[in-house]
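Take this structure first; my questions come after.
For reference, chains read A, B, C and D in written order, and residue numbers begin at 1 within each chain.
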Amino acid sequence: MKKGVMRPGHVQLRVMDMDEAVAHYRDLMGLIEVDKDAQGRVYLKGWTEVDKFSVVLRESDTPGMDFMAFKVLNESVLESLHGELVEFGLDVEQIPAGELSGCGRRIRFVAPTGHSFELFAEKEQPGRYGIGNHNPEAWPRDLRGMKAQRFDHCLLYGDDLDETYRLFRDVLGFDLCEQVVDPEGTRVAQFLTCSMKAHDVAFIKHPEKGRFHHASFFLETWEDVLRAGDLISMTDTSIDIGPTRHGITHGQTIYFFDPSGNRNEVFCGGDVFYPDHEPITWDAEKLGKAIFYHDRQLNERFLTVLT
Amino acid sequence: MKKGVMRPGHVQLRVMDMDEAVAHYRDLMGLIEVDKDAQGRVYLKGWTEVDKFSVVLRESDTPGMDFMAFKVLNESVLESLHGELVEFGLDVEQIPAGELSGCGRRIRFVAPTGHSFELFAEKEQPGRYGIGNHNPEAWPRDLRGMKAQRFDHCLLYGDDLDETYRLFRDVLGFDLCEQVVDPEGTRVAQFLTCSMKAHDVAFIKHPEKGRFHHASFFLETWEDVLRAGDLISMTDTSIDIGPTRHGITHGQTIYFFDPSGNRNEVFCGGDVFYPDHEPITWDAEKLGKAIFYHDRQLNERFLTVLT
Amino acid sequence: MKKGVMRPGHVQLRVMDMDEAVAHYRDLMGLIEVDKDAQGRVYLKGWTEVDKFSVVLRESDTPGMDFMAFKVLNESVLESLHGELVEFGLDVEQIPAGELSGCGRRIRFVAPTGHSFELFAEKEQPGRYGIGNHNPEAWPRDLRGMKAQRFDHCLLYGDDLDETYRLFRDVLGFDLCEQVVDPEGTRVAQFLTCSMKAHDVAFIKHPEKGRFHHASFFLETWEDVLRAGDLISMTDTSIDIGPTRHGITHGQTIYFFDPSGNRNEVFCGGDVFYPDHEPITWDAEKLGKAIFYHDRQLNERFLTVLT
Amino acid sequence: MKKGVMRPGHVQLRVMDMDEAVAHYRDLMGLIEVDKDAQGRVYLKGWTEVDKFSVVLRESDTPGMDFMAFKVLNESVLESLHGELVEFGLDVEQIPAGELSGCGRRIRFVAPTGHSFELFAEKEQPGRYGIGNHNPEAWPRDLRGMKAQRFDHCLLYGDDLDETYRLFRDVLGFDLCEQVVDPEGTRVAQFLTCSMKAHDVAFIKHPEKGRFHHASFFLETWEDVLRAGDLISMTDTSIDIGPTRHGITHGQTIYFFDPSGNRNEVFCGGDVFYPDHEPITWDAEKLGKAIFYHDRQLNERFLTVLT
C-alpha cells in the first residue's frame, strides 16, 4: 500500500577527484551541473527532472555511496513516516533544511543492510532543464554526451534482505516487483518499487553490509544505449558490460565505471508495475539470464566489484 | 492526492461488424483475443497487461464508446469512492460481478461531460500473455501486427470540462498533468493522470456531450510506430495522421480508424509525471504545435471526426 | 552497364540570404562548413563524406539549383564520357580546375529536362570529418542539429524524361531502379542509380523544364528522422511533410524548406540495388502510396512547390 | 577497378543435422526456405534478395564452409575472369549449370588462403520474397525470427593474406576497404569489397589454411539486433558476443553459433565505400577496439573457435 514515498530524490556519491568526476557525470553522462556548495560538493540532475538536483558528488579518499534519498509527497507524510521508522526500531537522524543546497529538512536512517537512506518532502523545483512547462519543446538542444534523463535507482549489496524488505514494504510502502529465489526459498535479490517503475531501489544478498553496486540513470531509447557505449569507448571510460538486456525488468542497459571506480548504469525500457501485480520470480539457477538476458551468465566483475 | 484509482481497466467500444472489428483489433493491432460472452461481446487485451481483458467490443448500429473503466486498488477503495461519487451528486449504478466475463462488480456514473465511467476492484488476472511471471522471457514470439502492449487512455470530447476536472481531481484523486488554456484563461483541454503516465484520460472542450475521439494503445518504440504506419497502409486501413510527435506529452504517435470509424491511436514515449509536478500549460494559439509537434497545425479531421 | 560514374559529387543551390542559409544548412541540418570562396559561395559537406565538399551555396535573387555534379572514377573516364556526351549531341562546357575551391576540372552539359549537370574526377579529399581513417572512432562528438551524413541525391522536375533516361543510361551508365508508369505506358517518374543506392538522381515529368524539387541528405536511423522533425519545429522551419515512409525506395523521410524556399529532404533506409535487378514499377494510380506510403495521397504542395 | 563482380551470391555450409540446421536458419534467423535438391541440400535466402537462394546447407560429419560464390555481371565477364584466374596461376574447376538448383554454370578456384570460391553469372531470379517488384509493400507480413534481409559476407581465417589480396584486387576487381596492420607493417586483417559495402569478404591471418570464422547476414536496424539477441536467448542458442558495435566498419552486431558450431553474425549499419576512398587502417595493438568497439578487447572464443 502506497504510503506517500514518490521517487528516488538524490544519491550522494564519494569521488576521489572532483574535476574528473564532474567531467564524467556532466560531460560524458550529460547530467546538468546545477550548484556547488561551501563544502565543495557538486550538484547535478538529469534534464527531465523538475527538482533542483538528484546527484551530489563529495570528494573523499574512498569511493562509494554516502546515502540515497526518497522524496515524499509532503511534510505530513514525512512526519508520519518519521514516527513509523522509530516504531520499526531505527535511529532517525534529523538533517536541517539547507544542509544540501536547495533541499528541505531530511530524516536519515540506516537500513538493516547497512545502507543510509533519507526522506525529504521539499526541494527547490526549477522544472525541466531547458524547456520549462509553458509550451515546452521536445528536448533542449544543448544536451551533452549520453543525455541521461533522470537518476533512476540504486542497486545495493548487503546482508539482511528480509528485514530491509519488511522496512521498505511495511513502513515505506514499497512493493516487491521482482525477486530471485534460491532452491531453499531464500530471496537473494529483491527489486522494490514505490511507483510504476520496475525498481526504485534493489538489493542483492552479500555477506558484507552497506556495499554499493551501482547508480542507474534513464535513457530514452536503445539507440541511446548504443551511443552511450560509443561514448564510453571514445572517452576511454572503463566498461563493465553491455549493451545488453536484463531478464529482470527487461530493461536495455550498459554498465561502466566513474573515474573513482563507482559503477554506473544507463538503461532504457523496463516493465511497468502496478500494486496489484504479483511479483515476478526468477530461480537463482537462472541468475545469469535474469541479470544478462543475452549472455545468460554473469561476468565475475559484476558480482565482485563494489564500492 | 492519490485515492486508490490505479489505471484504465477497460473500454467498451461499439463496432458495426464484429468480424471486421476483431480482424482490426486482433490481427492488425495485435491485441490478444481472450473471450466472447453470451451477448456476443469480444474481449481483448494488450500482451503486457496482467488482467484478463482491457477492450470489449460490442456489435451495434452506431460506433462509439459505451464506457471506460478504471481499476481501483481494492474493494474498500471501491466502497469509499462509491460514497464520494454520490456525495458529489452523481447517480451511481451498480453492475454485478460477472456481467463482464471475469470482472468483479462495477459501479458506473456519468461525468459532467456526458461520458460513462466505471470503477472496479477485481478482475481475473492470468498475467502477461505468453511469458507469465516465472523466469519470464522478454516477449512472446507469436504476437501479431502492431503488437500493442496495453490499452493506455481515451481522449473524449465534451462540454463541461471544469466540473469533470473537479470530479476526477477531488473524488477520484487524478492530477492535472497538462492543459491547453485559451486567452480568456479557460481550460479547453485537460490531460489527467492517476499514475506516472502523462495521461490516463483526457478531455477536449466541445459543444456536444459524450463524444468519443480515440482509444489509445501503447507501443514500445518509435520503430514500432513506423511499422504500425506500414501495416495501416498494407491493410488499406483508414489513416488520420502520423507518424508524428505530440507537443503535449511529447509522445510519438499515429492515428487511424477501425472499420466502424472509431479512431485509434498507437503511440510510444510520453513524459513522466509525479504528483508534485506543476501542470504543463499550452496556450490555445499554440494548439496546432501542442497536438502535432511537427506540422504545427491541426488537420480538420482530427477536430471534427468523432464517434 | 557501369561507366565509371561513382556518386553525386555536389549540388550548387541558390539562396537569397547567405547568413540564413548557412544557419539552415550548417546549424540545423548539421553539414560541416568547409570553405568560402572569393565569389562569396559557401561550401559544406556531410560528416561521412571524404571529399572536401558536396554542397555549394550561392547568393542570388531567386532560389533553385544551379547544377548537380557526379564524381567519376578518374581522368580517363572523364575524358571518355566527354566524348560520348558530345556524340549524344550535347554541348559540353569545360570549367577549369579551381573554379570551385578544391575541385578539379569539370565538364558541364544540359540534360533534355533542362537541368545542368557536371562531371569531375578530382576533388581534395580530407577524409571523414572528425574521425579520419586511422583507428577511426564511430562518429565525431561535435556534430550539430540533424547530423546529416551525406548529400544523397536530387529530385528534379522536367519534361523530356525519355531522352534524359537515354542519356543517363547509355552515356553515363546509370540504371533504372524504380519507375512510375501511367495507364498509357508513359514513364512519369524515373529513379536512376549509378551505385547500390535506390537513387542517385530522380526525375518527375512536368511541363516546364529545369525545375528543382529537392536536394536530399542521408541520416542514419528512423530515430534521426524523428529528431529532424523535432528540430524543424523548434527552429520554426517550414515543413512540407513527414516523418513518413516512401513507397518508392521504402526510405523513411521528412521534407522541409530552406529559408529561400528550396525543398530539402532528410531520410534513412532505402532499398538496395544491383545492376541485375529488374526495375520496380509503380502504377501511376498508386502514385500517392508510391510517394507517401502511409498517407497514400499526395499533398498539393509536394507537387506544385518547385524552385 | 571494378571488374564486374557484383556481390556475394551464395555460401554452402556443412551442418551435422539438417532438421536442426533448418530450424536455426529458417525459424530463428528468418531466412526463406526455397528448395531442397536430390542430394538433400536445403536452399534459403534473405527476403530482400532477388535471386533464388544465397545459403545452401549440406549435411556432413563436420561443420564449416564448402565454398563461397560471387555473382558477376554477365556471361562475358565470367568468361573473361576465367581466363584471368588461370593466368594468375589457379586451377579453375567448371561446375555445370543446375548442379545447384536454379543456378547457372559456376567456376571454382581455391584462394591462397585455402578457401574455395566460385563465380557465376546466372541464377533464377524470382524477386524479393513476398512483395515482388510491382507496387511493392514495405515488407512481407509473414517473416520469422530475426528477419535476416540478406546474406552479406563471410569472414575467413587463413595464412596467405597478401596473395589472396592480390588475387581479389587484380583479378576480381575488389578494393581494400579496411585493414589491420601490425607494428612490422604486415597486414593481419583485410576487409575487401566489390561494392559500396564495407566488406563483401574479409580475411584474418591465421597459421592454418581454409578456416571459416562466420557467415554474416544483414538486419535493418539496431533494434533488430536487440531482438536477435532476445531470440538467441529464448531459443537457448549458443551466443558468442553482442549486441555491440564493431570499430572496423562501425556496424552493429551480434554473433552466435548454429547447432553444428558454425558461427553466424547478424548486423546492421556499416560504413559506405567508394573506389576512390583510401583504406581505413587500424593498428594491431588496437585490434580489440577494432573488432569490439565497446569492450575494446577480444574474447578468446572469437579468435580461436573456427570451423
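FYI, a contact is a pair of C-beta atoms (placed from the backbone, for glycine too) under 8 Å apart; a residue touches a chain by one contact, two chains touch by 3 or more.
Here is each chain with its UniProt name: A, B, C, D = Metapyrocatechase.
Quantities reported herein were computed from a predicted structural model and do not represent experimental measurements.
Trainee: Any chance you could name the chains that touch chain C and chain D both?
Mentor: A, B
Trainee: Please flag the chain sitting at the greatest distance from chain A, going by CA centroids.
Mentor: Ranked by distance of C-alpha centres from chain A, the top chain is C.
Trainee: Under the over-half criterion for shared residue numbers, do copies chain A and chain B use the same patch or different patches to meet?
Mentor: Over half shared, hence same.
Trainee: Which whole number of Å gives the spacing of the CA centres of chain B and chain C?
Mentor: Computed from C-alpha means, the inter-chain centre distance equals 44 Å.
Trainee: Rounded to a whole Å, what is the gap between the Cα centroids of chain A and chain B?
Mentor: 31
Trainee: List the centre-to-centre spacing of chain B and chain D in whole Å, with centres computed as mean CA coordinates.
Mentor: 48
Trainee: Please list all residues of chain A that touch 2 or more other chains.
Mentor: 138, 221-223, 230, 233, 245, 289, 293
Trainee: Hey, how would you classify the chain contact layout here, line, ring, star, complete or other?
Mentor: complete
Trainee: Per the contact definition, I'd like the list of chain D residues that touch chain A in the complex.
Mentor: Contacts found on chain D: 222-223, 226, 229-230, 232-233, 239, 242-245, 252, 254, 289, 293-296.
Trainee: Please give the residue numbers of chain D that touch chain B in the complex, ascending.
Mentor: 137-139, 141, 221, 223, 230-231, 233-234
Trainee: Which residues, counting only chain D, touch chain C once they are in their complex?
Mentor: 1-2, 6-7, 48, 50, 71, 73, 125, 127, 133-136, 138, 150, 195-197, 220-222, 245, 247, 250, 269, 271-272, 274-283, 286, 289-290, 293
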